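Have a look at this one.
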């Protein structure tokens, strides 16, 4: 079926609403995070910036916490921490896990057997648990938490990359390249990677959500970002005792986490739909 | 002359693009199908033969627009909604498609799929439906229906799957069958079996069959009448023995010429520059 | 000078393990196509013909038996040396849509094969690619276009160009025209014939369609359930089929001038074969699988 360039343009124009909405929200969050130090009305660490435990008002959009710190500023600065951890962990995890998966797919039958077993065993642990255990070894703190989360994501990315690579490997065009004498290294670089790239990107966005949740979870338990840093999970932890008295301390960071995860999931889902749609039109 | 027409199509046109002047998928097609005869729609891909058969059951995609007149058993289907069309499908018109693999649900046994299909069309007890399914499988030549009914689709060969689908199509004793390239995806020995079965169903059950195919050999062996299609139009139609022995339209002649017998194919090879003349 | 077998398969057997079950795809296949010959393999699904094709180019290894390419044994070589020997065998795949990388220009895909031979100058490669494209009936400037810009028939031409790029001695064509419209099939088959004459290639042409085999093949092996049941010159096998399965196969082909009765196609009963059965020569070059099993 001849596929004219006019038809390609038409498909590309039908960008799913999910990507648009998700990307919109995500960009807003990223921009907010970048501009946070300049936009935040108060110093996020300054205590007694306002009355303790006061409800959201004109002065304090999200209210204040038990130290009198402005919650809006804290959530804003916290965005840098949460998103920062997420991005670093995802990119590092994707590269490390991706390489592992590709190596398993193309390293030969023995390498494949060993690595696959290894990946499957590691993958069977919930990634937040892995992060927890690692942080217990490494000690608390934002750097250790980031390392732990990165490592916890590796089995997932390894597995996904392996699956995609193996599926691509079985396709006739890869076999034909093999027959022509193309070696594995070039096969992966020129044939496999470009064809699995999009799927990996959509998987990356989903891993990002997982990373943010792990980061918040670790901070909530006091194992990740240390107080007084306003990582969202840490803010949640600080509001634990004030559920009835000052629920906004929990609501706003919780909402921030929810919106962030939602937006990246929307992007991931939308990307997946888009690439499935592309695949169906030869 | 065939007995009174069961399906009547007059001036059917189907348009996908919605633009004026763009070529239509089907352009002014008219034909009749009576019970007890096999009418073949033959043409290459893009000729509009599949779109024509889908139009009869109003199975075209949303984007399609059609005009013309289609009546089934005297009833104009233009005004029929999806529910009524579903009633007609199954009890009056059975359908068989090209790919047996995609028409069967992989997670249900054959027995479940057939009985559920039957009960959707007619009020039947589970036992009655199973008995009808069993009888239909015997009708298509499956000697051990109970064993087949207990299996899942992936456990059966392509040929058996297609026989199962034909059984499902005839189980409610429809008046006509729409068969769209029913043998194209099958091995040639199985193809012979299935084509022979269609002829058998025609004579034994009196069912009328609209057979869509690209293979003129299939037309010659099984059909009573033929309509040759190209670019959405019927170029020539008539009884098979007339059209195939004395074709009028150049395209029909070209179609016939491109169908080589094995001996002719061998001759082509010998005429070429072969180092191994044998 | 007696023609030399460019590929020699001796008692090739292939067993697949799937889950806990074993599937024997090939049982003792022995053929010896000659240089410049078109050797056909015909069979239906489950015959093992595609599996044999893949073994002939090195995409699968036999479970037992011996495979020789230009007189050298290849099945007992380690993987690194094997790849080099098998370069002389290329394949044309059935599906023109999945046999080309959607993200690379066709010039790159054809050129890659030349690059892998050690030709590193991409300008020269471009020249060679242009020649190959013209040879298969496409324009030189097609090299910069992507697969999705071509029709199915054109893609098969590209696949042929790619198979020719490493200057092979053997080309295995696995159902090369089955996915194409009938009107295009003849063009591609003619192209294959013309290319072969120029390069003295040996084709192993695998098909389920007897008319394709008849049109191109000098000899044909009829496969059924992993065995060769008949082997011989194409005209002889088609003209005087000996094995009941061959007869059924030929009889089943739809043709003009015959009507289906509706009482079941007349098929001959098939004999059962054991692993000890051998091919018996019944006339010059024409063999049939004997049936010793009771």
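A, B and C are the chain letters, set down in written order, and residue numbers restart from 1 in every chain.
To be clear about the criterion, contacts are C-beta pairs under 8 Å (C-beta built on N, C-alpha and C of every residue); 3 or more make two chains touch, one makes a residue touch a chain.
These figures come from a predicted structure and were not determined experimentally.
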| message | Just the chain pair, please, that has the highest number of C-beta contacts. | response | B-C
| field | Identity of the chain that, by mean CA position, is farthest from subunit B | value | A
| message | From the mean C-alpha coordinate of subunit B to that of subunit C, what's the distance rounded to whole Å? | response | 32
| task | Could you give the separation in Å between the centres of subunit A and subunit C, each centre being the mean of its C-alpha atoms? | result | 48
| said: With centres defined as the mean C-alpha position, give me the subunit A-subunit B separation in Å. | reply: 51
| Which subunit B residues qualify as touching subunit C in the complex? | 44-45, 141, 157-158, 187-193, 195-197, 199-200, 202-204, 214-218, 220-222, 244, 256, 258-263, 265-266, 268-269, 272-276, 278
| request: Flag every residue of subunit C that touches subunit A in the complex, lowest number first. | output: 57-59, 83-84, 86-87, 89-91, 93, 95, 97-104, 109, 112-113, 116-117, 148-152, 159, 162-163, 165-166
| query | In their complex, what parts of subunit C are in touch with subunit B? | reply | 34, 36-37, 44-46, 181-183, 186, 193, 197, 208-212, 214-219, 233-236, 238, 248-265, 267, 285
| field | subunit A to subunit C touching residues, read off their complex | value | 1-5, 8, 171-183, 186, 190-191, 194-195, 282
